[in-house]
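Below are the structure tokens for one structure; questions will follow.
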Amino acid sequence: MSEPQPTPQPEIEITGLSKVFGQGSAAFKALTDIELNIRTAEFFTLLGPSGCGKTTLLRVIAGFEQPSQGSVRINGQEVAGLGPNARPVNTVFQSYALFPHMTVAQNIGFGLKMLGRPADEVAATTADMLKLVQMEAMADRKPSEISGGQQQRVALARALAPQPRVLLLDEPLSALDLKLRKEMQTELKRLQTETGITFVFVTHDQEEALTMSDRIAVMSGGRILQLGSPSEIYNSPSERFVADFIGDTNFLKVKVVEALTETVNVRLPGGALHSARLPDGLRPAAGDDVSVVVRPEQATLGDGAKAHLTGTVTNSVFFGTDTHIHVNLEDGTPFTLRRQNAGNTAPPAPGTMVGLTLADGALQVIRE
Amino acid sequence: MASDPNQTEERHGWKWLLATPALIVLVLAASGPLMIVVLYSFLSPGNMGGVAWEFSTDAWFRVFMRRDIFDPENVTVNQAHLAVLWRSVWLSAQTTVICAVLGFPTAWFIATRPPGQRTVWLFLITIPFWTNLLIRTFAIQEMLRNNGTINTALMWMGVINEPIPMMFTDFAVLLGMAYVFMPLMVLPLYAAMDKMDFRLVEAGYDLYASRIAVLRHVILPLVKPGFIAGSILVFIPSIGAYVTPRVLGGGQKMMLGNLIALQFGQGRNWPLGAALAMVLLIITVTALVLYLRAVNRQEDKRDG
Amino acid sequence: MARQFSISRLPGFGAIALLTFVLLYLPIIILVVFSFNENQSQSIWGGFSLRWYEAAFDNQQVRDVSIRSLWLALVASSLATILATLAALATTRVSRFKGQTIIYALINQPLMVPEVVTGIALLIVVAFIKVQTGYTGMGYLVLAHTAFCIPFAYLPIRARLETMDRTLEQAAADLYASHVQAFRYITLPLLVPGIVAGFMLGFVVSLDTVVITEFVKSAGQDTLPTYMLGQLRRAVTPEMNAIATLFLALSLCIVTLFFLVTSKRG
């Protein structure tokens, strides 16, 4: 996370941004002190549960909402106070918001027409865009006459046609079924790479975020909790919320025995010692009680002597490629480990005492 | 959710100015004149219609009471006015009941048709609603006249020798009003039934209820809002009816609307007419307020 | 064969419903049938003839009042539709503001106040203005009908605006449309079915209004309904049936159109 900024000028620069809805006792703080730089040509994702403020942040960037405080710069230019029609960004709406009384081609050409481009340029760009999203055959259909996936493509083409600096996507895939969603994820990534446009993508689907993004901002309660690459977010969650929201996680209460520069050594329940990584800015001292997280695939069943943790199997659930084995540790903490179903070894029966071995670097200290 | 895009509504700003042309027309031709009616009800009648600009509560007094012409001390209840008032309320109530009794099965019938057919039946109910009230009243008059359809048919069949006089009776007015206002009962009842979850009826039968029990304990409570709306939609135009009682009731079987009109015609007592109009308006507004209260109560129940 | 148990069947309801439909349509059908009667009776059939239609068309007074009715309905409903559209734009999708309730009350007043009360109220005002200015033209009727049509035109337009997807206008703004352009290219085209429906409702309402016209009209300003109301007191001939039938046919056309316009979605 402390890598140097590759470009001096971020595409979008948000500083001290807050947004309050309503007044007085009914006031609701949707965004609090947002600091965020989005780089040129990156696929940036705002991830969080519904109500976390991600859509509001997107709408502030788009210009549908004005910030209560703070500033938004796009390509160095302050845009607070400008309407959506004066910003070099375009939006793909969750509902697509295709104009029902216009054909597919008219929808795609609308932005350029509003920009006052000559008719032949509008037609040419529209044709290019239809080709880009493989919708040439549907040019003269109305939005109601094409499928949901096709509407999605038209919405994308419409937003890309004016060649914006930034494309904002508000949960654009949530209305599609699973198979189509997977296809569109690949398609979106392809379009982003081909066009070189900065994508700001809003989703509540952690898997979607992990597979598509260059960087992810995890949001909750109107704040950005953690910002980083997908692997950083997954492997080194800095907060309980982030760890819990992304992937399956085990939480353990441990005591710090030795504080080093980048890591700490902690005593696990049961007495074994293990090294744990630290999030930015947290430096616990020896003797502190901290929480650590362990991903289920970072633990393996081992024999009792070398094991870091011991417990009793409560049950096992078969998932095809892997099996989840639920264990109650000696102090009663539940723990889940994931084992690949490569061999044919049967999972241990409920009631079996087992030892758990943790991979090196499996432990990550989190903020509470 | 604050992130709901529909939550953030535009600030009104100058937008309300767009309503001003409509409001000017409405103030000139609806609410302004209504205020003047209030004013006129407290003035004295002019000699040839119109008003004399003197304050008087005489019009309001005469709505309910009368003074003997020869002995002004002799004050009695104004029987004629009260009879008209009573007839208006009573006929309107009966109209509402007739519409409900026939309208409920009709709405049920439409609501239980297959979806494709439903539109057709609904259309059939709506057509009379949009065809001229006067023409429908005329059609009823054609049925009821001494040499009208009913009497001609009965005499032709030999049931009667003399035509039964039906015109200019309370019966004629009642029949006419029930006829013209029927769609106003069926439509809201249908709307309530359309919203009803028929699985609840199934659940009723599943729990051993008889048809009557299901009707009484499941269906009627569920369509009650439709009944209330339909009743108010029938009652309000009935109590203010003018055309139907004028055509079918004639000069003898007047309703409040005709009595009001009379004061501006032969009666030449505009303040009395204005006061009577206010009485009609008060009855109407009371019915509306009761209706709105009932609706609110229904909504509270649903929320809580 | 045993009858299948149907949860939606209630005994006798079907019969009552069909009876209601018969009662609703029988008088109208008889009225229409006897407009084609050869003889003068409205209850004894004497053979098919179009003589009463000819009589109606030859009747100068019927022609005059019909044209006046149509003209008045056209002018009043056009004005009402324009005013109602503006009012609907002003009152929908804005944050609540003071006076909103008053605006709603004003717009809906003609719906809530009995027609006869509105009628005599207008009579009083019109009589006063006539005395003051001496003007006795059609202006009074146009104003009265326009005011009366506004709530009817307002309802479908407002409904259309409220169900319209707001993100469409946001999408237009996002695609560089100004407020005026967004209205011109998005809002207005999508509002057209509501405006057409509002206009047709207003037209039918103006055409049907008899009470208000009766009280507001000056001498020689009869519309078709007030003319018919006047004629009903006398012994009527099937000519009246013929006029009523034509009137019915016109209403039926408009209502059918209205149904088609409002049931077509999107």
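Just so it is clear, A, B and C label the chains in written order, and each chain counts residues from 1 on its own.
Quick note on the criterion: contacts are C-beta pairs under 8 Å (C-beta built on N, C-alpha and C of every residue); 3 or more make two chains touch, one makes a residue touch a chain.
Keep in mind the model is a prediction, meaning the values are calculated, not measured.
When chain pairs are compared by their number of contacting C-beta pairs, B-C comes first.
Every chain gets a centre from its CA atoms, and the centre nearest the mean of all protein CA atoms is that of C. For the pair subunit A and subunit C, the distance between mean C-alpha positions equals 56 Å.
Per-chain Cα centroids separate subunit A from subunit B by 60 Å.
Subunit B and subunit C have CA centres that are 18 Å apart. Contacts with at least two other chains are made by residues 5 of subunit B. Counting partner chains per residue, subunit C has residues 167, 170 touching two or more of them.
Under the contact definition stated at the top, the residues of subunit A that touch 2 or more other chains are 64. Contact residues on subunit B toward subunit C in their complex (touch as defined above): 5-6, 9-12, 15-19, 21-23, 25-34, 36-37, 40, 50, 102-103, 105-106, 108-110, 112, 119, 123-128, 130-136, 138-143, 147-149, 151-153, 179, 182-183, 186, 198, 201-202, 205, 211, 215, 236-237, 239-240, 242-243, 246-247, 257, 260-261, 264, 270, 273-274, 277, 280-281, 284-285, 288.
By the touch rule above, subunit C contacts subunit A in their complex via residues 165, 167-168, 170-178, 181, 185-186, 189-190, 266.
On the side of subunit A, the complex with subunit C involves touching residues 62-64, 83-86, 89-91, 93, 95, 97-101, 110-111, 114-115, 144, 158-159, 162.
On subunit C, the positions that touch subunit B within their shared complex are 7-14, 16-21, 23-25, 27-28, 30-31, 34, 41-44, 79, 82-84, 86-87, 89-91, 93-95, 97, 99, 103, 106-107, 109-110, 112-125, 127, 143-144, 146-148, 150, 154, 166-167, 170, 204, 207-208, 210-211, 215, 225, 228-229, 232, 240-241, 244, 247-248, 251-252, 254-255, 258-259, 263.
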